[in-house]
Structures are given as structure tokens and as C-alpha cells.
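Some structures to go through are shown next.
In the two complexes below, chain A is the common chain; its partner is chain B in one and chain C in the other.
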Partner chain A sequence: MTAAVETAQTTTIHGDRVSLLRVLGPAHVWALGVGIVLVGEFTGWNFSADKGGALAALIVCWVVGLLYTSVAMIDSEVTSTVAAAGGQYAQAKHIVGPLMAFNVALFLVFAYTMLEVSDAILLGDTIVAKAGIEGLTHNSFIAATIVVLAWLNYRGVLMTLNVNFVITAIAYVSIVILFFSVSPWTQGAVLKLNELVTPGNALPYGWIGVIAAFQFGIWYYLGIEGTTQAAEEVRSPARSLPYGTMAGMITLLIAAAMTWYVCASLMPWEYLGITYYPLWDAGKLTGSPLLENLLFIATLLAALASANGCINDAARAWFSLGRDRYLPSWFSAVHPKYRTPYRSILFLLPIALAFAFIADLNQAITFSILSGVLQYTFMSINIMMFRKKWPLGSIRRGYTHPFHPLPAIVLFCLCMVTFFAIFLGFGSQLIAMTVFYFLISLWFHFYRYKFVRRGDQFSMPWPKPQGY
Partner chain B sequence: MARYIPPEQNKAGQILDIAVVVVAIFVALWLPLKLGLAGAAKSIDPLDAKTWDALGQNATMASIWEKLGYTPETAHDIIQNRFHYIIDWPTLIIMAIVLVAYFVFLFRASDKEYRDVINEKFDDK
Partner chain C sequence: MWMGLSYVCWGISVVLAAWMLYDWFNVDTTYSEETLTSSREGELEAVSEKHRI
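Up next, the complex of A and B:
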């Protein structure tokens, strides 16, 4: 029996004990992770070119890829061992403590809800740009996207992630088709990298621009760690989660490299850095109507897949908070028919809608990145504590990541660089959000925690941690 | 260790707690937007001569701008809109202090709570 099966938790609805359904396989895990992230290739990553030039965007593509490889390695080990809904939240609860778990869940909810908001804004803007009708605004498209996807999530996780698998695969294949359609092995015919990225403009702001570019470099991969949210709904967490996460990361590294190469070879960095649709623009610049339309549709599908996965993940993190009484237990209800955390899904819906109308794309992306980086900082410390409290051999791990503690150190250092990058653009927001987390932590520690059962929070069948 | 029995929270208390969290979320995310604190220092460095050459665009770049529907005049504000990275040391120091203080509090308070959890869970082991 896997650890996850042993720890599957239930919620009582009308006297019946119901739990989330274990129906997902590795392909769904891949679809959840890549589905959330792939939109980053269609918009967002290119703002790193604005921050530091085209070469800076490539440098951060690889360096931030290293950050996320560390995230995927660390996450695969911890999650294949702590397989419970809430992902990193459940990890924090078992390894660091309740207050950290509360904060991590909020990081997750913020990161995914703001990512969902960004996706909906992108989708609305893309449709408006394509329609070219004067007076048409993105508001109705944004509202329809968020509401319809929330409904899909309400109706069931299997259908939600089946949809995600299909639309993510189509969006991914469109990048591959674009890449091979522009003869990537030949410069000069369609691609003109040598003439667009020159020694004089490759790093227009020097190395400070490269560091600043980290802020949006995160967008290449932000959300891959969301695979862990499905931990309680996969049939074999110890196998499916590491496999799906690592396969997703490899997929994304390839997509990111192809995207940069094609886009940087087709448009000047000043334009690349400000467009909302770099891949759609790349399709247009090839001169092929087929590619243009394919990339337009793929942009919409990528935004849909991402928003869909984000609703799934944010709701599960919120649901977990309710189930452990960190927030009112009302949120921990599982739908008696669809077996989904429906109250959490419905509660987060108006919050996403509100921010979709008051924030612009750039700001929503930054909100999401801020919470993501706070979470990655936690993960680098979390894995050190995990190995110290339960050394190798003391408990059964589904996967053991190599080279420990190197990935944790790399992750921590790159998080510090990213905080500095955020400071260069959104320092006030970083301070405001950290102050918010500080105050809400005080509220939790000194007030809310009294409603929480103590020993029940530790649900893993592990021995007592070393040092306690 | 005696098992901790948490108090039951009434409905009004639950609603109040939800309201506190929602208001805090909105204040944290919305206030910087409202106060105009979001966004990096970016401004246009204007040029008198608005030609592709003056804008630093070679023939290939100019042809792509034109394909995208831009002229040197309309592309000027995009190309010349530049970041001016200046490290504001007092803000950087405040940010570092806030972040470090937050994480220190988080780990210390979590550890205190965690010890209670472990003591109760493994009380008889």
C-alpha cells in the first residue's frame, strides 16, 4: 500500500464520508503541470527581453530552467513521500509546522489565482486583437472564461484534466510545427537571428538587465510544481508524480528554447519585449496564414489550459486549509456527486473575477511570480529539514533526488537573485505582500490556530522526526 | 501530553474569519495598484531625428517593424522607452529586513507549533 493510500482523507457530507476520487494517471499529471505553464511561452516570458534584451531572455531561460529543475527534483522527492491534496502545503505541515503550512497554502492560492487572472486577461485581449472591432472590450471574454472553467472544475477532476491534456497537447504541437516550419537549421531564409540580435543590442542594459530579466524569466516555467496538487487524486502517487513532473519539466525546457529561438529570430527585441502575443506575432511574421491562425488558436488554448489547471490547484490548496481547520471547515466540503472541493472553487471565483478587472496583465503576472518565489524559497529550506528529520532509509520515499544538497542551494541562491530582480521593478509590491503575509501569520499564530487540532495534523505513517 | 480539544467556532465567527482573510487579500494586492506603486522606472528618451538609423534599427529590423505596421514615428516611443535601473538602497534594505524578519518569524513560530503537534502525535511512542 502506498503512503498516499494510507493517508487518504475524507470529509463528512450529510452523514456520508466522501473523499476526492483517485482517477488520474501520469498523463494527467503532465497535463496539469504543463497545462498551467505552457501559456508562459505564449506570453509573459518575452517581458524579460524588455527588461534586459533578447540575450538576457535566453540567459534567464536556461538559468531559471535550472531553478525549476531544482524545484522539480526536490518536489518529486517530497511529494512522492507526502502525497496529499494541497501539495507543498501538506509538505510544510509535516516537515516545518502549521504556520508555515498556512503561509504556503496562501502562496499557492495567490500564485494560481493571479496566474488564472493573467490567463483570462490574455485570452480576452487576444480575441479582441483578432476581432479588430472598435469598442469591443475584453471584459465579457474574461468573465466567460473564468466562470465556464470554474463550472468545469466543479463538475469533476477527470473531465477537467482530460480537457487539459488535449488542449495542452495541441498548444504544444503548434510550437513544434512553428519551429520546423521556419527551417530552424537555416539562417537568412526566414529566421534572421544574426541581424536582430547583434553585439550592440544583445544586452542593452548590461548585466543589471540580465538580473532584472529574472523577474519575467520565472514565467517560462511558473506553475510546474502544481502537479503535486493532484497527489490525492492520482492512482499511484509515488510513480505518477515524479514521472509526470520531470516529463513536464523536460517538455517545457524544449518548448522554451524553441520559443526563444524562433521569436528572437523574427522580431526586434524592443518589440518582442512589449508584445502580449510573441508566438502569434511570430506566426504572422512568417507570412503564412495557416501558421498565424494556428498560433492564434494555440494562444487561446494555452490560456484556457493554464486557467483551468490554476482553478484546480488553487481550490485544492484552499480546500486543504479548510480540512485542517486553518480556515473555517466549511471550505472542506467535497461535492457528494462530483467529488470535487466545490465550495473552495466557488469561493475563489469572485476573487479571480475582481482582480481580472482591476489589474493589468503585467501586474497580475507579477503578483503570481511574487508568491511563486516566496514558495520556492520555502522549498529550498524544506528539503534540507526533510532530509535532516527523516534521513534516507528512515522512511519509504517514492523518489530520491540526486546531488543533495546542491539543488537546494542552487534554488535558494536563484530565489535571492529573483527577489532582487523583483525589487528592480516591483519592490513596493514585494514589501506590501510580505507585510500582508506577516500580518496574516500573526493572526493565524495568535488567534486562528486555537481552532486547530494538534496531533491530527500529522497524518503520515512516519516515525517521530529526529531532533524532537 | 493531554490531547488538545479545540473550541467549536460558531457561524458568525467563521464568517468573520473569512471576511478578515478576504479583506487582507484585497488590501495587499489592490493597495499598491491604487497607490500607483507598481511598475519599474521606465521612461522615453526622445530623439529629434525619427529615422530607423537614428533609432538604431538596421535594414532587417526596419523591414520587420514595417511588416508589423510601424513607421519610425510610431515605433519611436516603443524603442526609446527604456528602463533606468537605479538601486534605491534604503528601499532595498527595508525589503531585505522585511523578508528576513518574515521568514525568521515563520520558522520560529512554526517550530513552536510543530513541537506541540509532534508531542501530541507521538505522546505514547
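Up next, the complex of A and C:
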């Protein structure tokens, strides 16, 4: 007992400093990444069928899978080397420069907060749809989702990601159960892919439909790069981050393929492209009440896991901005008992609530996707600069990704295609966001940067970059 | 049942939000600002070595 008390006292505050706790392992990294993403299988990806048909949804599943495999490989190399809270923000700060880092942090906060908002709206709408009662609104469920998860994050990262691991695993297993319940090896018994996807309707809008489908194809994997936000809280960043991220990507590729196969074999593309609940609907179409209820619960759990991970990641990015004085240092406070960035969590809580109550689901999703794609574009440039400034052998890397520069080039090209696809569907939002980031960059450059302690922000003990 | 669940959700939200605000006030009035904002990037490895179990 005495030893336990002593341990608690000595690990609460280390001398003069209160820091985040290193308590996480690879399973938590997996839970963070897959937890954020898996909701995309339960809703979101299927809107790509509306843009280009069922086959287009499969093509983007594979091609966007390639985009995210590049993201995971690049991220694993850089983050296992720049292991700090803030993830891509800390990478940008050390490799590109402060203005890029400030923008990347904003991309992160926007992408995760808007995704959290979308998750909460989805959860509320799913419960209201299940209840089917007049007068019941989604507001109370949205509020409870955001506040309960913020409370969980406030109380500590270990419990937060333990919970995420359990609920993500249940949601994932439900997809596997659905897949094996419909006899996937026998067409005609339950599944009717050959009747629903024919040469005549596979690509109803041709190849331009495939390009347009990229916008929602992103949903198969959106957020896997969020694993990097745990960099400062994992026990072994060089091992846990690449392992957790890669395992997460493999898991998601399997889930995405199973999801498409079952849904495209049960629903015509005209319906698949507009429903908000493709997997829940697939459960209903099997005629099994057990599967229907399992997929309903799994939809809720996937939304919860995603919102939980998003709160974790957005708060770390905001906290990192405060710690480097890119924002007031007030945001960089760490809770002395729970060791979490509690002020950042509390600051983002009412913002998420406000957006969830006033925003439309499509708008929230679009802002999240836009910020995400801006971030991926940065990552392709970032890895090229990283390898050029610090070639292999000049610094210790936890993981070195293969085939460089191919993944970076593939990532950049696919990001350009995705921007074009977003422009086709949401051109005004794309322009508005670009203008927003331009104006906020001016504010940072001409006003805020004078408060930054320039020497303190670069913490990696690296040699001078090549050419400097 | 669903309406009841809706009221329970409002209740839980209010209670937990109030708890977080109370704890925030408590922490901010107990610890100095220097201590709370003392985390530094890159110092974690050195700091974690000081654990004594």
C-alpha cells in the first residue's frame, strides 16, 4: 500500500514538470486509428455509389486504399522519428517550418472536430430512426455522446483507448459476422451480386463517375493517420506507431472489401448510394432480427469509437499549438492528476456541440474530408523534404518505408484527383476553406509568430539538415 | 422508453459537464500556472526515466 501511494506520488508530477503519460501500446494505437475510421464502413463510403455506381465504389475502395497505404507508410517513418504530441504538426514544424506547421495543426483540428460532429449526428439520427417516435429529436443523444466522451478523455488516455479498443473490436467483429452469415462463397442464396451489378449498370456515369466517387471513397479510411497523435503517450514510439498503424490499415482494407461485397450484393446502387445506414440495411435485408440488431448496435459503437478518437486527437493538436505558443500557452496545461490536455479538451467541447446542433451532416463531413486531403497533400511533400534534408543513415529512424519516392508521388497524384472530385461536388466549400487558411496564415505570420519562442520549438536532437 | 432515454442523456450530459467545470476550477486554483503549463516537447524521455516504482 505504501509503495503504491509512493508510486502515485512520484509519477504524478516529475520534479517541476507535468507531462503526458507514456502508458499506451500498439493495441491502443490500433484502437485509435481503426476506431476513428471504422464508422466510414457503417456510413459514408456508400455515397460513392451515388456518384459513380457500385463498381465505382469498389474501384475507389482499392485506389483510395492505395492512397492511405502510402499515408500509413509515410506517417510511420516520420512519426517514429518525430515522436511528439501533435503528430503531423510536430513533423511539419521540424521538417518544413512554422507556417506550414500552424496550417497542418488547423487541418488536424478541423478534420477531427468535424468528424466528431458528424459521428455524434450519425449516432443521434440512428437512434431516432430506430425509435421511430414522433417528437423524439437527436439533440439529447448528440449532447450525451460529445459530453460523455469528452469526460472520458478528460479522465485519462489509458481508459479512453481501452474503451475504444473494446467498442471498435465489437463493431469490427459484427462486419465479419455479417459477412460469414450471408454465405459469401455462394451467389444466389442470399447475395445477388451478378443480378445487381451488371455490365449495363456497373458504371452508370462512366469514368467521370469514378473520379467523382473519390470524394466519398475517402470515407473507407479517413482518419487512420490519427494514430500519430499518440506519439507522446506510447511507451515505445519507434515500435508501437508503425506496428499499430500498419495493422490498422490491413484491418481496414479487409473490412472495406467485406463491406462493399455484402452491401453491393444486397442493394441496388441507386439505393446504396443514398442510404445513411448501408450495413444496418444489409443486416435488415438478411431477414435475421439478430443480425439487424447487431448491426444497429455496431453502427452506434463505431460512431462512438470514432468520436472518442477524434476528441483525443483534436485536443492533442490544439495542446501542441499552445505548448509552442502558436496559440496562447494557456491551452498547453496538463492535468496534474489525469495527465491529459484538459483545457484543450474543454475548449473544443462547446465548439463541437455548437456545430453538432447547427450544422448539416453533409457540410460537416465535407469540411472534415477537405481538411484531411489538405493534410495528405502536405504529407507527400513532407516526406520528400524529410528524406532530402536527413537522408537514410543521418538520423535514427524507427521505421523506413520502402519504394521511396513512389508512395509520395502516388499520394500526391491521388490527392489532386480527390481535390478535383471535391471541386465537382462542393466547389464553393473548397474555395471558402482555401481562403480561410490563407487569411489565418496571414494572421499567424504578421501577428502571432512574434509570441513564439523560436529556439524552444525545435526539440529533436538532429544534426543540421543537408545543404544548410 | 426512448423518450425516457432522451431525458437520461440530458441528465448525464449536465452532470458530467458540471463535474468537469468543477474539477477545472479546482485544479486551476490549486496548482500554479507554471506547473500546469510546464510540459515540454522532447523532454519526455528524460522525464520518464525518473519514475521510481
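Assume the second predicted complex is superposed on the first by the 452 of 468 C-alpha atoms of A that agree within 3 Å, B and C clash if a C-alpha of one lies under 4 Å from a C-alpha of the other, contacts with A are read in each partner's own complex, and residues count from 1 in each chain.
One rule holds for everything that comes next: a residue touches a chain if its C-beta (ideal position, glycine included) is under 8 Å from a C-beta of that chain, and two chains touch if they have at least 3 such contacts.
Bear in mind that the values here come from a model prediction, so they are computed numbers and not experimental data.
S.K.: Using the superposition on chain A described above, determine whether A:343 touches chain B (first), chain C (second), both, or neither.
M.R.: second
S.K.: Using the superposition on chain A described above, determine whether A:424 touches chain B (first), chain C (second), both, or neither.
M.R.: first
S.K.: For A:90, decide between first (touching chain B), second (touching chain C), both and neither.
M.R.: Touch partner of A:90: chain C, not chain B.
S.K.: Which holds for A:401: it touches chain B only (first), chain C only (second), both, or neither?
M.R.: neither
S.K.: Touching A:330 in the superposition: chain B (first), chain C (second), both, neither?
M.R.: A:330: touches chain B and chain C.
S.K.: Given the touch rule stated above, what does A:22 touch, chain B (first), chain C (second), both, or neither?
M.R.: So A:22 only meets chain C here.
S.K.: Contacts for A:438 in the overlay, against chain B (first) and chain C (second): which applies, first, second, both or neither?
M.R.: First partner only, chain B.
S.K.: Go through the superposed model and pick first if A:154 touches only chain B, second if only chain C, both, or neither.
M.R.: A:154: touches chain C, not chain B.
S.K.: In the superposed arrangement, does chain B or chain C reach more residues of chain A?
M.R.: Comparing touch counts on chain A for chain B and chain C gives B.
S.K.: Shared contact residues on chain A for chain B and chain C?
M.R.: On chain A, the residues that contact chain B in one structure and chain C in the other are 330, 457.
S.K.: Which of the residues in chain C come into contact with chain A in the complex?
M.R.: 2-3, 5-7, 9-10, 12-13, 16-17, 19-21, 23-24, 27, 31, 33-44, 47-48, 50-53
S.K.: Which chain A residues qualify as touching chain B in the complex?
M.R.: Touch residues, chain A against chain B: 50-51, 92, 96-101, 103, 110, 114, 192, 195-196, 198, 200-201, 204-205, 208-209, 212, 266-268, 270-271, 274, 281, 284-285, 325, 327-328, 330, 351, 354-355, 358-359, 362-363, 366-367, 377, 381, 419-420, 423-441, 443, 445, 448-455, 457-458, 464-465, 468.
S.K.: Name, in rising order, each residue of chain A that touches chain C in their complex.
M.R.: Its residues touching chain C are 3, 6-7, 10-11, 13-20, 22, 84-86, 90, 127, 131, 133, 135-137, 140-141, 143-144, 147-148, 150-151, 154, 232, 320, 322-324, 329-330, 332-337, 342-343, 346, 349, 456-457, 459-461.
S.K.: Taking the touch rule as given, give the residues of chain B at its contact with chain A in the complex, in rising order.
M.R.: Interface residues on the chain B side: 3-4, 6-7, 9, 14-15, 17-18, 20-22, 24-33, 37-40, 56-58, 60-61, 64-65, 67-68, 75, 78-79, 82-83, 85, 87-88, 91-92, 94-95, 98-99, 101-103, 105-107, 109-118, 120-123, 125.
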